[in-house]
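Here the chain labels run A, B, C and D in written order, and each chain numbers its own residues starting at 1.
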Amino acid sequence: MTFSSDIFATRESEVRSYSRGWPAVFEKASGSWLTDREGVRYLDFFAGAGALNYGHNHPVLKEALLEYMSGDGITHGLDMSTVAKGEFLQTFQDTILMPRNLDYKVMFPGPTGTNTVEAALKLARKVTGREAIINFTNAFHGMTLGALSVTGNAFKRAGAGVPLVHTTPMPYDDYFDGDMKDFRWFEQVLGDSGSGFNKPAGVIVETVQGEGGVNVARAEWLRGLADLCKRHEILLIVDDVQMGCGRTGPFFSFEIAGITPDIVTLSKSIGGYGLPMALTLFKRDLDVWSPAEHNGTFRGNNPSFVTAKAAIDHFWSDDTFEKATIAKGNRIHEAFTELSEKYDGVSTRGRGMAQGLVFEVAENAGKVCSLAFDEHLLTETAGPSDQVVKLLPPLTISDDELEQGLDILARATAKVV
Amino acid sequence: MTFSSDIFATRESEVRSYSRGWPAVFEKASGSWLTDREGVRYLDFFAGAGALNYGHNHPVLKEALLEYMSGDGITHGLDMSTVAKGEFLQTFQDTILMPRNLDYKVMFPGPTGTNTVEAALKLARKVTGREAIINFTNAFHGMTLGALSVTGNAFKRAGAGVPLVHTTPMPYDDYFDGDMKDFRWFEQVLGDSGSGFNKPAGVIVETVQGEGGVNVARAEWLRGLADLCKRHEILLIVDDVQMGCGRTGPFFSFEIAGITPDIVTLSKSIGGYGLPMALTLFKRDLDVWSPAEHNGTFRGNNPSFVTAKAAIDHFWSDDTFEKATIAKGNRIHEAFTELSEKYDGVSTRGRGMAQGLVFEVAENAGKVCSLAFDEHLLTETAGPSDQVVKLLPPLTISDDELEQGLDILARATAKVV
Amino acid sequence: MTFSSDIFATRESEVRSYSRGWPAVFEKASGSWLTDREGVRYLDFFAGAGALNYGHNHPVLKEALLEYMSGDGITHGLDMSTVAKGEFLQTFQDTILMPRNLDYKVMFPGPTGTNTVEAALKLARKVTGREAIINFTNAFHGMTLGALSVTGNAFKRAGAGVPLVHTTPMPYDDYFDGDMKDFRWFEQVLGDSGSGFNKPAGVIVETVQGEGGVNVARAEWLRGLADLCKRHEILLIVDDVQMGCGRTGPFFSFEIAGITPDIVTLSKSIGGYGLPMALTLFKRDLDVWSPAEHNGTFRGNNPSFVTAKAAIDHFWSDDTFEKATIAKGNRIHEAFTELSEKYDGVSTRGRGMAQGLVFEVAENAGKVCSLAFDEHLLTETAGPSDQVVKLLPPLTISDDELEQGLDILARATAKVV
Amino acid sequence: MTFSSDIFATRESEVRSYSRGWPAVFEKASGSWLTDREGVRYLDFFAGAGALNYGHNHPVLKEALLEYMSGDGITHGLDMSTVAKGEFLQTFQDTILMPRNLDYKVMFPGPTGTNTVEAALKLARKVTGREAIINFTNAFHGMTLGALSVTGNAFKRAGAGVPLVHTTPMPYDDYFDGDMKDFRWFEQVLGDSGSGFNKPAGVIVETVQGEGGVNVARAEWLRGLADLCKRHEILLIVDDVQMGCGRTGPFFSFEIAGITPDIVTLSKSIGGYGLPMALTLFKRDLDVWSPAEHNGTFRGNNPSFVTAKAAIDHFWSDDTFEKATIAKGNRIHEAFTELSEKYDGVSTRGRGMAQGLVFEVAENAGKVCSLAFDEHLLTETAGPSDQVVKLLPPLTISDDELEQGLDILARATAKVV
């Protein structure tokens, strides 16, 4: 063995988490499967928390990457102009932006979700000269101080060690189970100069809240939000880090609503191959940055640009992929609806291939994941009480693999409820 | 051509910066050289702002990486236990930590410098229950809100869009040209309950301030700081993102002072190959994190672990590399001293292979870099007035290459002064 | 003349305000009347914004004050024990606290409303170790930084010059015209660890929002709030600076709800004679202050203690005064209801002798006040759009005086609508 | 007896402080003397912490006040124009401002020191559009959140319950015992765009720090500060709440330096009779307030205006009073110098009639005050370790009274050292 069996327990910080729920040492990966060092194979229904929409080590991307790396293509490019970046930009423009009529400028922040969120918040504040940001209940946007301030989870927030300020949560879609008109509270405080709310620079929203428990915003709610922002001259930021890149069907998760956010964040699957990469997109007239005003060492992770371009070429040249995702999403929904109808205290919600199985007795969700792991299926819980089994399978998963995993979940649910 | 010649100008955000000073489109890279798409070769004296200490695409690391990627080694591993991570941890423990008598726990935050700084600040606050942090004049620690709050540059700070608080700068070593005893101000406010300073959770310091203008802290100053922190029960954070991984000679830049910081941040060259990776190291008794209290999608960028391990094995198994770095650093210092003696208004400072050529007339530094680029040498300015030509060549640079670049700088300086 | 006629215009800051709406130079005052230096008498329906509940220079209080001052009673007493303070405390305990079963400790902060609010917020934070405070839409609590942070008015808030943080407004009673269940939003975020709300130290509330537009909280809403605070271990602060001391009938405005706030602020009329004085009251177990932790030069304004004691003795030994206030309040309400029924776009709301005449067309309220001034009646507007004529007559006003003023208002309304 | 003997202990909050060091119940006061209810007389060397510069119940002021109150002069005037205010403004303009060539606009904030400081900070921020404020080590400016943020004392600061931000302390005059050039640190950070300091809106300073331990700023230091502020376009705020109104000799304590601050705060003795009153003075072009942007119920405490005018007429029509103050100050200094020379570990510092006796062994200061109280002399300690006996006798004290008190202090010191 090449390392001591207790190296993780003795040397890695207690902050580690996934390694606790999935107590294996993984070695290889391909498509929807991970293999541990004893050769045991695990079906991956979590896909790098949404960073592996195209599965592990997809052969088309792999080929492009190996060719690039073998040929001494630039690895680390700061924010220099490189061929890999140029090709990515051209493809992203021609295949993603133009067909969707989105004339966004493209910023390369540091290559992580939290970094693109920080860039988006800074830009919104810079453009408007205001400091307040509206976020939503149960939002998740990242762990650095700015992103954490718009994240809802109390446990994560407490980690800041300083009070998190300048942000105020508004109720997300359906937070009141239909008891209250959409945006009733939000609209009223904006229109009331005595409300005590500072006029916000921007609103940051996920179209589906993954970490928050697979909460789905309806298209009409998103349109209402976009309309409210426009009327009040507030910038609308859609954080598409987890739900973008096809997770819910279309490339951008907000497409179903027919809206054009002012700023969009992308990361996770944009690099295609699970490599770190992030983008901040914004309307042309918002590009008021001075050169180097927001920088970072790894914003030119060129291998990601190569696989990002290859992924766009391969998956997004027509609508086959989008349709397949929706179909598979429907299949998961169908299976989960069956479970919901069969068992008390179980319900389901989701969009595309972001689907949740919700348990009234919160700890049942964790039990299901644990039982699933025993059958070598990787899943995770989400929501403020970890009451949701959250499914984010690779979008490239085969129908057979999908059924295999759904069967395991059905069995686990049966045991638990 | 595979992309429109104006794609960068029309599609990429105005925030881009290095591409302005170095107006070429780079394609390939090897060792100390970058090649643009017209085949022109550039000698790299900047090395990814310190992220490429082992040069571009080092053959030993490349081989390890290609083998790993070809064999479907895990690419994206969240914070799961993986073989690549286990091997990295074992090597890092055996070759780096143990011989230096450093029993640090190892945290994998998001794979960027700013993220490890955010993790360090959060941990210092969590451990002490205090929120104030002391930073230093002309410090640079990153662009996300927490890291930006300990960064000195007024232009970068203004980008925050909110007041940056909870931090107070202290004078860095030699800030007063010897007019004031080390730590006179810092010690006095700590000992004075009427000073108006909240007792800090931690102090964050770079042993050499790269972005700040290649300002060098003496070993005795660092020892004084460590001692002060100990006496006042303040945590000492050394941000070794740029100066670590051998840049100044030893693996950790603080080794020359014989101190043991409470928390250390690493990024840039830790991955070895210019791939995104970061570590937060801290004393065992500070590991009070709860599982998942600070997380992030790309903290398990396994290809980096592979090249990180290979780099440690290759370069750090004995002291050959460290000695070579110091020798080359001395050579740069010698050459710069010559220029300083020859020309008025020119001086030099630095440590190891982080060296600066300082111009009294600030714009001369920029002119030198521009002239150097005309001769295909890549360099950058640093300091609050961009008055310093900052050299960060690959540590693996050959003597010939080094002389080649130093000659270009000598010619450029001659023209400018 | 003893001073230049333009001394106010040329020497006093532009911040002055009441002197603009009431362009006279006042000289003397008695009961419900002010007299300007030309001898013109004005009927006062504003009573020092609630600081003159017992009218101007009430003879009983005046006698006590003159006797005290003539006999060289202590004027300025810091927070020393004095006879005047001892007598006030004894009376306040025996006549106000004990009969109401309120075992509050009594703190003398600086002698203004904003100062007692600051003391209350500091105490709530100290006791709980939390920093967040919940306030309500259209709240008004004062102009110093802490009190301003819980004040709703955007214009006043902007005066802070720094972002006001650590506070989040909740909807006040009837903010949604009955469209939403009381505390639906508040309860839900408290019960949801993903809501993004930090658990608050305390809630600060006015039972009737004077400055906010004479918004009246129902008794059951106040009970709901007290219950919510108790269940979630949040401290309930009732800011009774304007509505206390009998303004709404009972001594404390919260008595009608049968609740016992954790902390109560008093100022304005507590001194009885319009002299600066303030109290912070809190439950005995909350008295965790260290000596001198909150201090101030004028917290021992002994002449106020003398008139405060005399006022309590004179007005609060039985319930005559309370009943008279309620009766006069009913009379105002009756008169305003008549106007509301007679004219479109006019409505009324209030409690006790804090009553508002609300105009749909906001500027009509200002016009009414202006016309009233022409007939020598002093009134003011309130509310976020200054859409409310706010009545705060001396509680000691005679029925005749009351009718006289109401007649003027009726005529003014008739002209304006 | 008119109140229970334990009413203070059982009913008043634990926050009370002076009543602990001076355990008597005071009843009457005149000139330099307080009398308790048993008829014991106490010589007052503290004078309401500087609020009683003209002694207790001065007969000239008393007469004016009684006449005004008897004649039903307006007591409570909000910020209406009144005869009392007009007369005060005229006198203040003619007797104080004009002869000193100070064309200040006069603002009446709430009637306390902390309120005028809050107004000053808000104005500085509003005028400059910046939020940072520079204060000094060991400063004391008040207890409300804004004023507390510029106060140095750690114990008081902790009472805020929230982090105090937007302010950074600079070393006060002689903080380094001459080891460092004046303003070396301050100047350097202002001139260094990489220092990490946000450009401040204003600087707030006391010319002598009373609470901070009777620290005296030299005239040349104050001039240096004024010059620095001018060169960097930062507003200079002199907080003259305790040292103004003649405490150090001239009416404004900054007169000795020949500077003209941009903003000046006054309170404590401005009302003359120990009655609550405060002023914020600022240069004419800084009067950018909108009407009512900063308000407050008791900013028109008209009885104070009457005694304030009478005091100015009586004491400030020529320089007799100023000269007498300086002479008495010199006498105290002489007596304290004698003690300093006689005893080890004793030193003295001060200006005018603000004088301190400093003990190397901090607790000796408290012991001296305690022994002095036994001989019926009221004094208090100051400084971060309470190591200074701070003398603030009435400026009107007779030579005999002064000697009497100094004798007591000499005896007490002899016993303690």
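As a convention for this text, contacts are C-beta pairs under 8 Å (C-beta built on N, C-alpha and C of every residue); 3 or more make two chains touch, one makes a residue touch a chain.
Quick caveat: nothing in here was measured; it's all calculated off a predicted structure.
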Far-end chain from chain B, centres as C-alpha averages: C
Comparison of B-D and A-B by number of C-beta pairs in contact, larger one: A-B
Geometric centre distance via CA averages, chain C-chain B, whole Å: 58
Approximate Å spacing (C-alpha centroids) for the pair chain B, chain D: 50
Centre-of-Cα separation between chain B and chain A, whole angstrom: 30
Where chain D touches two or more other chains, by residue: 131, 155, 162-163, 166
Sites on chain D touched by chain B in the complex: 131-132, 135-139, 150-155, 157, 163-169, 171, 175-176, 179-181, 184-185, 188-189, 192-199, 212-213, 383-385
Residues of chain D defined as touching chain C within the complex: 2-4, 7-8, 11-20, 22-30, 34, 37, 48-52, 56-57, 62, 65-66, 69-83, 85-87, 89-90, 93, 105-115, 118-119, 121-122, 124-126, 131, 142-147, 149, 155-156, 159-163, 166, 201, 241, 267-268, 273-276, 280, 282, 287-298, 301, 303
Residues of chain A that touch chain D when the two form their complex: 162-163
